[in-house]
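Notes follow once the structure below has been shown.
Naming follows writing order (A, B, C and D), and every chain is counted from residue 1.
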Amino acid sequence: MDAKEVIARRVALELRDGMLVNLGIGLPTLVAAYVPDGMHVAFQSENGIIGFGAPPPQGMEDPNLTDAGGGFISALPGAIAFDSVTSFALIRGGHVDMTVLGGLQVDSKGRLANWMVPGKIVPGMGGAMDLVTGAKRVIVAMQHSAKGAPKIVEELTLPPTAARRVSLIVTELAVIEPTEDGLALRERAPSVEIEEIIANTGAKLSIPAHVPEMAFIAG
Amino acid sequence: MDAKEVIARRVALELRDGMLVNLGIGLPTLVAAYVPDGMHVAFQSENGIIGFGAPPPQGMEDPNLTDAGGGFISALPGAIAFDSVTSFALIRGGHVDMTVLGGLQVDSKGRLANWMVPGKIVPGMGGAMDLVTGAKRVIVAMQHSAKGAPKIVEELTLPPTAARRVSLIVTELAVIEPTEDGLALRERAPSVEIEEIIANTGAKLSIPAHVPEMAFIAG
Amino acid sequence: MRKAITAGEAADLIPDGASVMFGGFLGVGSPERLFDALAARGAKRLTIIGNDTARPGVGVGKLIDAGCVTRIIASHIGTNPTTQKKMIAGEIDVELVPQGTLAERIRAGGSGLGGVLTPTGVGTTVAEDKRVLEIDGADYLLEAPIRADFALLHAHEADYFGNLTYRLTAANFNPVMAFAADCVIAESDHIVPVGVIPPDAVRTPGVLVNHLVGRAC
Amino acid sequence: MRKAITAGEAADLIPDGASVMFGGFLGVGSPERLFDALAARGAKRLTIIGNDTARPGVGVGKLIDAGCVTRIIASHIGTNPTTQKKMIAGEIDVELVPQGTLAERIRAGGSGLGGVLTPTGVGTTVAEDKRVLEIDGADYLLEAPIRADFALLHAHEADYFGNLTYRLTAANFNPVMAFAADCVIAESDHIVPVGVIPPDAVRTPGVLVNHLVGRAC
């Protein structure tokens, strides 16, 4: 398993039957491949659909059926389409059970930064601010470090996406839960030592006596 | 012509091609019968339809197709249905060109009272407050007096429906326009003397040198 | 997937004292079987939230008749003399809300907004005790969001994901209420297999609906 | 009834300096023929309002390419490097708005509301210079309504009353924008006779639409 697969398969463990889930573009979309057998999870794409599936066979794409990244998708039985106002009424209104988003930084207060790097890239927040504010659970799925620098930091140096404390951080090294008292290490990846996690984390971690190894959804 | 027909046929003169019009329950609904030939006016009913027509033949009523008074209606070609949120986005958003409403009182500031009589009847405002606030033009269609007492008064004694000055008052005696400077007599009904209008009006009327006789849409 | 329950089972989920939104405009588009079941089980002290109270024996009027209701939030009660009588007798407390404001307050409650800024009601009794904000030279009332414990809906078609369609003027307050209650119960004319309703025809996302009420009770 | 006009005639209605809302999400559901016509007539100093700026050569990206735009209100511009370049060069002014807030601000502009009270953006740079209202213990940003001189829509079907339908994810911002502009121009895949679209299938009331653009230009 490479880092991305570790993250996606661990995040998939957070899925529950009947959930409405919004997956961010990039790494988070990989989670859709690991829905446990027999579980029904509805995926929303904020451009206006619930219940989409994998890209259709080549030549069968519909220019009016795309995900929030602009990629062609298919419609599963029971799929529904709606406009942007409805889409964000669902998101901001707390009707999305879980969102999985990539991150540039998370700090000790559990605040996420994932929408811009001042002076470098200003893509815009798209739907991220609404998702982090409104979804019942916010899972940050990201690599633990970027070019050797920790992405989990004491205090954000990048502009926050929302004031809200995210629910869980899943990296290829660890599962970390932001709590009222700071960041708590919950799980470590197989064959990863706690010291390695600490060394790659730029914020104080509270470490319980027993840190279990990550479990995964089967690939 | 009885009083109601006088009022309805005079109000119909205010219709313009392409207008979206909301008619209140009671007297105002009579206006729909006097749309000039060749003119297309779309009627909205705030319970959720644009483009309704006369009641269908007996036995052909649809329990899901009614007007805001609960009466059965028909759907004309091009009719559309929508929910209450959309209906009032249209009304409050200024998309309704004209509303015709009944009145209990109108005062010298042009304020309408038509939704309750304290201690007597408290039916509720329904959609009236939104209509008077949001429609581009508000026409009050009412009998000039109630049991001998003027309904056009210096200052409302009943609770106002909105702060907004209505556009026009049409009664069986006169057409009166509320202006910044008070109420102005614009037209008199056929064979009605100006003195009779003044005698039946509880507010000061400005009377121009020439007060033309009402015109009507043909019956 | 949800299995359909009976109207009686649905009524048993709704405790005395609950707040209950209901679809319907003068009874059109109202969940009649749910009202019948609530009246039959003798529900008490309900707060009901809807456009109007229909007429005696019709729509939510059945709950008024049966003495299930002690509080009403509505835009209009003029068509139901029983409501008027009980209000005057002090048995029912009534809050009257302009129809468009009622729709927006429920929408705010269901879509995570902090309130509604509406010009409707400024300068009237509706504005009493409310904050007025001046924005760009015009006055707007700050109206509070409305949510309820339950929303009782009437739909035309439902599928077993809970996706709903409505017919003509029977939609009215049903779609917006689906967003604004902790538990949403939908009664429909038909229940169809998943995949039968085209994606663009669905007007209430099934993810909002907790229970479907089957055709036969 | 409205007669269809050509995309060129529509483009001639839109003066330089106008504010223009447009439907589309990364170009999906965008009025491509109207963009082509605006670029062809060499429109200047437009303010454009929409979810994103698609990609060079695609959707509204064509207007960016052609130098028609000096101001953008959008939620995302990351997919269009030309937008980024012109922003950095100071040729285009960009206001970034969270996607849900953008939808609600346009909705407020079209439905007579004084603003939007949203929790989104609280504690971020989006909140700078904005009023924050505390309501029931939580903070909400007061976001201003957005309207435009023109709304350029893409629909699936139109009838000659202007009633519109949309397909799947091509709806996005189109329906809400139909309410929020002084002049609404709709380009559609098909124009059908009045009476052909069922009343419950219409998603934009024709009374909102000023001009239809015919299939052939």
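Basically, a contact is a pair of C-beta atoms (placed from the backbone, for glycine too) under 8 Å apart; a residue touches a chain by one contact, two chains touch by 3 or more.
None of these values were measured; they are calculated from a predicted model.
Participant: What chains, if any, are shared contacts of subunit A and subunit D?
Facilitator: Shared contacts of subunit A and subunit D: C.
Participant: Compare the CA centroid of subunit B with every other chain's and tell me the farthest one.
Facilitator: The most remote chain is A.
Participant: I'd like to verify one number: the distance from the centre of subunit C to the centre of subunit D, where each centre is the average of its C-alpha atoms, in whole angstrom.
Facilitator: 32
Participant: So what's the Cα centroid distance for subunit A and subunit B, whole Å?
Facilitator: 55
Participant: Roughly how far is subunit B from subunit D, centre to centre by C-alpha average, rounded to an integer in Å?
Facilitator: Measuring from centre to centre gives 35 Å for this pair.
Participant: Scan subunit C for residues touching two or more other chains and write them down.
Facilitator: 104, 107, 112-113, 118-119, 166-168, 199-200
Participant: Touching at least two other chains at once: which residues of subunit A meet that condition?
Facilitator: 49, 75, 81-82, 88, 92, 133-134
Participant: Throw together a list of every chain pair that touches.
Facilitator: Taking the chains two at a time, the touching pairs are A-C, A-D, B-C, B-D, C-D.
Participant: If you look only at subunit A, which of its residues touch subunit C in the complex?
Facilitator: It comes out as residues 20, 40, 42, 49-51, 75, 77-82, 86, 88-90, 92-95, 133-134.
Participant: Give every residue of subunit C touching subunit A within the complex, in rising order.
Facilitator: Spelled out, the residues of subunit C in touch with subunit A are 1, 107, 110-113, 159, 161, 163, 179, 194-195, 199-200, 202, 205-208.
Participant: What part of subunit B is in contact with subunit C in the complex they form?
Facilitator: Touch residues, subunit B against subunit C: 45-49, 62-70, 75, 81-85, 87-88, 91-92, 121-130, 133-134, 159-163.
Participant: What residues on subunit D touch subunit A, complex-wise?
Facilitator: It is residues 25-29, 51-52, 74-79, 84, 87, 94, 96, 98-104, 107, 118-126, 156, 166-176, 203 of subunit D that touch subunit A.
Participant: For a test of understanding, state which residues of subunit D touch subunit C in their complex under the given definition.
Facilitator: Subunit D residues touching subunit C: 104, 108, 112-119, 133, 135-136, 138, 140, 142, 144, 165-168, 199-201.
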